[in-house]
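Paired with chain B in one complex and with chain C in the other, chain A is shared by the two complexes that follow.
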Partner chain A sequence: MTGPTSELVLFQVGARTFAAVVHDAVRIGSVRDVPADELVLETALGAPSARARGIVVASHDDAVERTLVVDQVLGTRSVPEEHVHPLPAFAAVCLTSGAVTGFVLLEGDPLLLVDLPTLVRERATEAIA
Partner chain B sequence: MPEPKEAQQPESGAQPPAPEAWFFCLRLLGGRYAFEAPLVTEVVRLGPLTRLPAAPSFLPGVFTHRGEVLPVLDIAQLVGQGAVALRPSTRAAIVHCGPWKVAVVSDSVEGLVAIPRRQLEPPPAESSGVAEFLSAVARDKAGAVAVLDLPRLVETARARAVPAGSGPA
Partner chain C sequence: MSTRDPFDLQQKPKTRAAAPRGAATKKRNGAIGAEAARIAVVLRGIAEGNYDGRVDAETIEDPGLRAIAEAVNGAASATEADLRQAHQRVQIVTAGVDEAIEAMIRLVIQGDLSGSARPGSTDAALTPLIAGIGQVMETLKKFVTETREAALQLSTRSAEVLAAATQNESSTSAQASAIHETTATMEELKGASHQIAENAQMVAAIAEQTLSGAKQGEGAIKAFMGSMEKVRHNAVEVDDAIAKLSKRVERIGTVVEVIDEIADRSDLLALNAALEGAKAGEAGRGFSIVAAEMRRLAENVLESTKEIKNLITEIREATHAAKEASDGNKREASEGEKLGGNAMASVSGILSGIQETSDAARVIHLATQQQRTATEQVVQSMSEIEEVTRQAQAGSKQATGAAAELTKLAERLAELVKRFKVE
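And now, the complex of A and B:
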């Protein structure tokens, strides 16, 4: 592979697969020993059914860590940057979540690219309200 | 782009032919709807749809066309009168409305029609459903056709969606 690439982590929530920038994931592990108030279960991506894995996500200012609960972490992929596309402008202004930022084309299929800190922050904001 | 199905022939006699307007016509909500033809750049088959989380119902998803990701607009959903059945064979008209590029889906695509401007009549004075977005009504050889103000419709769709960051907390 030549040219700049993006390092992505692929994960599943329910039946759907999503991608996120690896850098946004602090670590990946079991959710068994994580205090309940640090778990983020239901988000704009839906609710996990198996709740098997957790992706630890730091807030944008690194002040807080939360664990996004997912069904499965499929691994990481190195993807040419030309395969990463922003959300179409009309879709971007219509979505109620700012966490979906674009797409990555894997084998020609668009996979939703998720900003993990925004996803977790939105959930935290909803919980406070 | 489909060939015109309905093109007016120049009228014979002393009067000059009435200026025609070209519209792009599709079938939707059990009727014929049209919008200004220059807004349409292409008609494509939808292909596999990727659904978006946190999307309003009138935005059923996106699809890729020649490497570009395009949002799909379902007018029936926007006006609250059902939904277009989306299949890989469903055809979509790719339109440019100001800054927005969207793929409008319908039950079927009829193509271009030419309607003399003098045959365009004001829409009925209703302000609900799809009538809210009509700019004119007319009749051609295939029957009645309602002309949509597509830029206003797309802008209304955008305005009705709750933007990210200001959604219900």
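And now, the complex of A and C:
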């Protein structure tokens, strides 16, 4: 791998695997150690079942950390940037959530690329609404 | 006894004849001898029962001899007359006796004893005879009368004897038949008794075998109860071992939980390390590789602890099943001990009953043996009685025949006695 790469963290919610930029994740923690009001359980990605891990996400505006509850964190991967694609315009129009920003081809399989701060914020907005 | 003829004068002792006399004397003596001889001849005839002879006394010279001759002649004549008279009397008496006997025979033949046999002669010499005949007739009449009565009684009694003998023969026949049937029955009883004795012996043997078997069963139940006690004891030990094992497994589970927690935290640390390495870009590449390796190790540990948890779960389930099986074994052992106790009590009762049965069978066997012996003796006695009865039956038949014959004879005797008329 000689070209520029994107560092991604892969995680599972339900049966699906998603990818996110590593910088969106502050750290990875245990769900047991986090107060319940700081957990983000159900998002546009769905509801986790095992709830084994929590990805701590830093909000852009209020600097508050939120823990996105996922079923599993698979690890980090370095992916060539040509394998990272923005979301097609038609797909972006169809999606109600703005957290899905594109997709990544990982070993030929496309994975949705998720903007974790947006996802957490959308959930917080929905909760307030 | 002397054979000397008393009239033979020539046989006088020679001492007299030899006396020395003269010739005249000798001649005279010779004449006397001749005359004496003549007298001797007559006397010899008289002695022989010839009374017809006489001595011519006129021709005898010797006066003494003449007197003797005359005396001999007189004696002969007198004797001859007496004999003649006696002969006549004998003829009369004989005729009277013959007449009396003939009359008596005639009366006896005619059977008429009512009259008297009196001969025509009235000779005194016949008086005793007539009296005797009369006495005989009276005795005969009395005898006939008594005989008639006796014949009548004999006829009656013989008829009774015949009836009794007939009855006795009938009874004896019935008795013989009954004894024969009894003997046959006793023979059957003997066979049955023999069979009963054999069956009783068999029952006694079976009872002994059953007793032996029951005692073996008692021993087996005791051994079974011992085994149940051991099973219960082992089940308790297994229960304790399972409890200890369960505690150990729980302890292992706790340790595995700790390991799992450590592995989870290690995984988390490795993830964060990898995350930080990725954030550092090319500089954190090596760090990310180490973190990935750490994470793999942590995941291996987690996989192992997961397998251990699965194994612990299986062990818990197996232990629980073993505990339940052990509890079941204890319950079954207790139940087995109870059942063994009940079986032991039952077998004790059975043993007691079998012992009584065996004793009773032995007593029955002994009794049946005695019964068989007694029956054989009874059969022997019945055979002897049957033989005696057979002989008695034959004797009874003979007695009946004899009684019938006796009855006929009595009737015949009565008929015969009836011929005699006594009144």
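Just so it is clear, the second predicted complex is superposed on the first by the 127 of 129 C-alpha atoms of A that agree within 3 Å, B and C clash if a C-alpha of one lies under 4 Å from a C-alpha of the other, contacts with A are read in each partner's own complex, and residues count from 1 in each chain.
Criterion: a contact is a pair of C-beta atoms (placed from the backbone, for glycine too) under 8 Å apart; a residue touches a chain by one contact, two chains touch by 3 or more.
No experiment lies behind these values; they were computed from the predicted model shown.
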Superposition on chain A - do chain B and chain C clash or fit: fit
Which of chain B and chain C A:9 touches, first, second, both or neither: second
First, second, both or neither for A:105, with chain B first and chain C second: first
Touched partner set for A:68, first chain B, second chain C, both or neither: neither
Which of chain B and chain C A:19 touches, first, second, both or neither: neither
First, second, both or neither for A:46, with chain B first and chain C second: first
Broader residue contact with chain A after superposition on the shared chain, chain B or chain C: B
Which superposed partner A:84 touches (first chain B, second chain C, both, neither): neither
Partner chain in contact with A:57 - chain B first, chain C second, else both or neither: neither
A:94 touches, of chain B and chain C: first, second, both or neither? first
Lowest C-alpha to C-alpha distance for chain C against chain B (Å): 25
Common interface positions of chain A, toward chain B and toward chain C: none
Touching residues (chain side chain B, partner chain A) in the complex: 48, 50, 52-56, 59, 62-64, 67-71, 73, 99-102, 154, 157-158, 161-165, 167-169
Sites on chain A touched by chain B in the complex: 44-46, 85, 87-100, 103, 105, 108-110, 112, 125-126, 128-129
Residues of chain A touching chain C in the complex: 7-9, 22-23, 25, 27-30, 53, 73, 75-76, 78
Chain A partner contacts - residues on chain C that touch it in the complex: 264-265, 268, 271-272, 274-275, 277-279, 281, 288, 292, 295
